[in-house]
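What follows is chain A paired twice: with chain B in the first complex and chain C in the second.
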Partner chain A sequence: MLTAVKGKGRHTSRTMSMRNQLRVCLLSIQYNIMREMINKVTFLTNICFMILNNASFLVQWVILFQLKDEIGGYTLKEIMLLWGLCASSYGLSHILFARVFSLPELIINGKLDAYLVLPKNVLLGVMTSSTNTSAIGDLAYGLIVASLSGFQVKRMLLFLLFTVTGAVMITAFALLLGSLSFWLVRMELFGDQMVNVVISFATYPDGIFKGAVKTLLYFMIPTGMMVYQPVHVMTDFDLKGLLVVIGYAGALSVAAVTVFYRGLRRYSSGNLMGARV
Partner chain B sequence: MILNKLGIQRSLKDNQLAENSWVEPIGYNLRKGRSVFMRKYVVIYRSVLMENLQYIGNIALGFVSYFIFIFVFINLWDYLYAEPGMRIAGYTKEQMIWYVMITEMIWFGSRSEAVVGQVTADIRGGNIAYLMNKPYHYTLYILARHTGEWCIRIPMYALFAAAIGLTMVGEIEGFGLLALLPSAISIVLGITINGIFKLCISLVSFWIEDVHPFQWMYDKLILIVGTVFPIEIFPAAMRPFMKLTPIYTVCYGPAKLVVDFHMEQYPEILSAQLLYLGVGTSLMFFLYGKGVKKLYVNGG
Partner chain C sequence: MKVIEVENLSKIFRVKRKEKGMRGSIKAIFKPKMKEIKAVDGVSFTVEEGEMLAFIGPNGAGKSTTIKMLTGILYPDGGNVKVLGIDPTKRRKQLAYEIGTVFGQKEQLWTHLTPYDNFRFFGAIYDIADGEIEKRIEELSDTFVLSDFINTPVRNLSLGQRIRCEIAASLIHKPKVLFLDEPTIGLDPVVKENIRSLIQQMNREFHTTIFLTSHDTGDIEKLCKRVIIVNSGQIVLDDSMAHLKFSDASLEDIIMEIYRSR
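Now for the complex of A and B:
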């Protein structure tokens, strides 16, 4: 009886702690955005120009579809969906967890110290400590393009779900590569390059790639599960395909978190003095 | 005593030099002045070049993105050129892929920290107040740095592009050594024009806090419209307008000369580039001149 009460108490305290942690993360993101909003003109210009910037890619596809009606099994509508999903996943990831993309810099310069002394989860503290303003434009662009490609409630709900899984995948991939900086040097450049590779492939239909490259895109780098498979599920619903995407996002996240904490054991602080304002 | 002697000797030498310069023709002095004027920028260029030579490994890491971009386009054009011998907008498959490779080589190879990051940081951070008093013109100092950066990157990317092209695409039909020199001149002019225009955008930081959005738009104009497709692929009504944009002088002109060289087209491309160079340089000096007048020194 006493054990059961103790167990229940521990469970309640863990739930409270998780809720507390989530609150801190949300507040951190909120303050990041508020900080960026100090100069409203710059804030809005960044968002609007990013939407325009992404929209310019449509010109490329309009021209390509003048040459052929379908490219790699995709029509313009599916390409818009592909682009929308890629932009919104990238955007969501850079709104919530922008710092992950500069993790190697924190590790190399010994700047993780500031997060290690906080009485909260280190990884979540690092991840939510920065926001990229222009990423709001990416997210908005993704949602606009997805709506324009043929609005359906079911498809839109799937799009939102896949935006979350896509953001989880790209964040986990960047975290995994960034965490390798605990062991290797120059990972910041390699990590950046690999994230660019994911995005470069994600904006072209998978039908144009053949053989080993296609396998690579689905299993080695997360492009396939981040955008290709979700677009296939959205155009032709398949529950198995949906579960595979969710499972892949979960597995990649677990792998990335494990590598980060393994690496953190090797972390040695720098003697750099600095102030966090 | 010895010092005194040396001092006398030096003053005698100075006097001799002064006397010599008195009798030298005016043209000689002008040339000398010009060479002194240029020498400081050559020293800046050389120091950046030496600095960048230390980071060849980092530059080579950039090949990953370049390769992926080209790889995607090889697959895309493979798909679109369904039949052998097919031509799109007058280009063979090989020419079309080489076109993208050359324009992307210019694009990746001329990415510069000096004209974008440094100028913006100098203006926003106030460092410009110190740099503008140095014995050089700030914009020319930045251009010398920019040249030092791309002089390492472009040859590396050119070699890499040639290696990918020859192994994965094949030779360019009708490409001869005759086309090499005019194309190289055109590429250098294209990179310089691009650097000047990006510098002009960065100079807008004197008035606007964050100019990154304008850099994105310019980059996208060049990247999407200029590097991916030759002008001939666009509707006929749009082509004359596109010739007036930097796309023609930065990307299309140099790449066209490499993939489909015609001597009669060369003067047209070259004169357009020289015109753009003149207009861009004037705009650069104008923006800088106006901008520094707006500068406030807050101390610190």
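Now for the complex of A and C:
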């Protein structure tokens, strides 16, 4: 049909198409960060105060470990790894895919139209359309704390890998719950609460949880595979444990994407006035 | 050549109904009642290449729902749609390379970026090579007279300037069909006239098919040669503008008369 503009997608190979999709995602993330940087003072204050806020919680653990050598099988170094991984995973997810966490609002108010008329992947377009400045503080805090917990190259490489798998899991979990808004109304509150539950549990050692709670943390919500299992692998390397984490992240992502696209068929749009800000 | 083929298209929305007050809210939790609304009810029509068509009707008539099904935003509940021979429900991305959309009530541009940066972004979305996009931006800037504000952030532009940029952005990939959903809403008469001239120019120069919905009879009268009127999800009139304006009455009066009589 149209041949006037060179390089049209339908003529490009699958690799080219994926490369172009990646280019658009990166541009989108870059523009999001540029938007946040319009007010430099707010931008820097948000990041610094998030680091400070996270650090204040670690002080409590330092005090606790002066009273006891071990809590739930964790020493202070492992707690630092736990906190670091939780913060960096949450941070990375909110830097790259912040919009996923407000997906119900987009679905309910018919704000997916702008992404549906573009010749690119809808989900990636939505996911990368917003960022959260303070999440940069979370990511930075996570990396600092992990380094302070005892720097080793192998452990740091594992930490970076688990930051990625953790970010994938929390994003996929939010996507899965957010996509339920295609069927159910007022799901945004439930989704927010569940994500908060994942993060809250992720800041305590898993040794203090037993029975049903532990099962819940490993099978119903992704806390176990997001932080506990990775911390175990980082302190005592186990290839099988590593592969389980990667497999879990993959399986959760596939489930979330499937639910999103099933739901998209039920999308009913809307007539609210709106701007892409 | 037919660029849009719609056959027996329908869309049903299921909305919750609840009795009034707190009691009704509690009852609705345990025994929800749903009501089906036929937003589009068995609509059929075709549009020829290069045609400028007005698709109009009162609020809630099913205009926007139809456009959204033609562009792949919504899935139809029945019927068939082909735009440029492509089924929007099956090959949405492929269709998106061939069509442009402007929703007057919804911005597609990033407001913190300049129109130039926005055009570059849209160029990347439509896989246009770097050298090609520069040439295209220059062309659009000349056609839409954007040079004075092409490097000003969109949030600082007037509504008229913004709409010009929205339309320019939707044309970055030289679409064959342009869907305009109330493109002149909220604009002053001078800017409206300006936008209409640009749309006419685009149709003349690039032979772009225009599918327009608007409540502004000025848009319809000055741009379109054919009018489809929808009401309650059904087509109530499909006629040429010349035939519709045969009497002495104004177009607005004629349209109002049709809206009321159905």
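Side notes on the structure shown:
Rule of thumb we're sticking to: the second predicted complex is superposed on the first by the 264 of 277 C-alpha atoms of A that agree within 3 Å, B and C clash if a C-alpha of one lies under 4 Å from a C-alpha of the other, contacts with A are read in each partner's own complex, and residues count from 1 in each chain.
Quick note on the criterion: a residue touches a chain if its C-beta (ideal position, glycine included) is under 8 Å from a C-beta of that chain, and two chains touch if they have at least 3 such contacts.
Keep in mind that what you see is a predicted model, and the values were worked out from it rather than measured.
Shared-chain residue A:R265: touches chain C; no touch with chain B.
In the superposition on chain A, A:Q152 contacts neither chain B nor chain C. By the touch criterion stated above, A:R23 is placed in contact with chain C alone, chain B being left untouched.
In the superposition on chain A, A:T215 makes contact with neither chain B nor chain C. Residue contacts after overlaying the shared chain place A:M34 against chain C, while chain B stays out of touching range. Contacts of A:A114 after superposition on the shared chain: chain C is touched, whereas chain B is not. Residues of chain A that lie in the contact sets of both chain B and chain C are absent, per the superposition on chain A. By the touch criterion given at the top, residues 1-2, 4-10, 12, 16-17, 20, 23-24, 27-28, 31, 34-35, 38, 112-114, 116-121, 185, 265, 267-269, 271-277 of chain A touch chain C in their complex. Considering their complex, residues 39, 41-42, 45-46, 48-50, 52-53, 56-57, 59-60, 63-64, 67-68, 71-72, 134, 186, 189-190, 193-194, 196-197, 200-201, 204, 207-210, 213 of chain A touch chain B. Residues of chain B touching chain A in their complex: 57-58, 61-62, 64-65, 68-69, 72, 75-76, 78-80, 88, 208-210, 212-214, 216-217, 220-221, 224-225, 228-229, 233-234. Residues 13, 16, 64-65, 68, 71-75, 84-85, 92-94, 96-99, 101, 103, 105-113, 117, 121, 124-129, 132, 136, 155, 173-176 of chain C are the ones that touch chain A when the two sit in their complex.
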